[in-house]
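Structure first, then comments.
Going in written order, the chains are labelled A, B, C and D, and every chain counts its residues from 1.
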């Protein structure tokens, strides 16, 4: 499990006064980027030096409680599944007093940069993700 | 069914060269806003003059093909379900030659602005959504 | 002069109820992308097939009146200056009844993709921009 | 002077591979929000409990060096000017090795929430901003 902390910014809210729903996905991805960076697979490295991509083929989220500008949240990221050519991460968002505010999931596949075809998870990436379990 | 057309903007792509996944949700919401506007329930009206909100409690998306800057897409919005206190919209994204690029879904509930409690869909809204079916 | 029309989306507003200021820059860029596309220099083409980039080295905006979700706006883009290795575009935002709501400016330079050095504006681009004057 | 640290996220870059220009303004505002929060004028408080707004009437930025996903940046915020009904903040963005990557400025006015007219800076806000100088 990986923990990521952040604060809801004004530009993540909308005129109805709360977090705009698509920004929960953005925040989940921020947590995932931070996790990858810590695991040695930061996006700068992935984009410049690796021969594979990790596109998202499915994403979902549940919204349990409203989030306001200035709310300090914790996003817990867990490895839900590791397949041959894909992996699934799940996300749990809480505010500091441990109230659940949202849930989410992203499913990623490994794609060869040149052929754009699915490939098995490269071993170092598989190892890094397995370690998070 | 409601059709909405738009073009992928540079700021909707990321350094991996394609549409950033959370922006598919944003585009789905743009289509939904346009539909509500046409149905007499535009967000300006909802925020200023109505005593209810329509928060999203669940959202999901599938990504079928990559989208690039400049791609012209069509989003078809359909009413998938109308419940007592909620409704579900589904979204189908295609590029101009009719290739499917993405799917999505949003589930909305009707909330009283003051009490923040669920309320039955107000009749005029129910009627407007029913007409779209 | 080039005219671009768009509608303020919910996700472009914030909890203070109005357009979040940085989104005026985003909208200006949307207008600029549309203009480039019409001139044969769309971003897909620039990114994939050209050997130069057009990074922005300066941007500014003035905010004259608040913008709400659903507001229909027109952005007029004008070529303010064409230099040897740079060009400047100015932007005027009005709502449908012709009220001025914002002004803006972006300064672009031509950079060789490989050397990352400034280069003179390629002739076809210079010609395309000159035609807009 | 106030220091704010952050990391460039994937969704802040675009298909040209670098930070999308309007996101520098967004990051500047994130720093400003953090500063206001520390000064007792966080946006949650401003929106819910204060009778004034602080809209931006002018913003500008210079871009000195490209920023990539994963780059760790520091934003230094300084009070450039305090007027009767307005104040100006300036921003300096550097990467960790102290290279200057960007500059910016935002001009804010104090507006009465009800009358939407300019009002003198409320004393507690003036005091808080003055302390930052």
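Throughout what follows, contacts are C-beta pairs under 8 Å (C-beta built on N, C-alpha and C of every residue); 3 or more make two chains touch, one makes a residue touch a chain.
This structure is a prediction, so every number in the text was calculated from the model and none was measured.
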item	value
Pair with more cross-chain C-beta pairs in contact, given A-D and A-C	A-D
Of all other chains, the one whose Cα centre sits farthest from chain B	D
Distance from chain B to chain A - Cα centre to Cα centre, in angstrom	22
Cα-centroid distance, chain A relative to chain D, in whole angstrom	27
Separation of mean Cα positions, chain C and chain A [Å, integer]	32
Touching two or more other chains - residue numbers and ranges from chain B	10-11, 15-18, 20, 22-23, 26, 29, 43, 47, 68-69
In the complex with chain D, residue positions of chain A that touch it	7, 9-11, 17, 26, 29-30, 33-34, 37, 42-45, 47, 68-71
Chain B residues within the chain A interface of the complex	15-16, 18, 20-23, 25-26, 29, 43, 46-47, 53, 55-63, 66, 106
Residues on chain A engaged by chain C in the complex (per definition of touch)	10-11, 13-18, 20, 22-23, 68-69
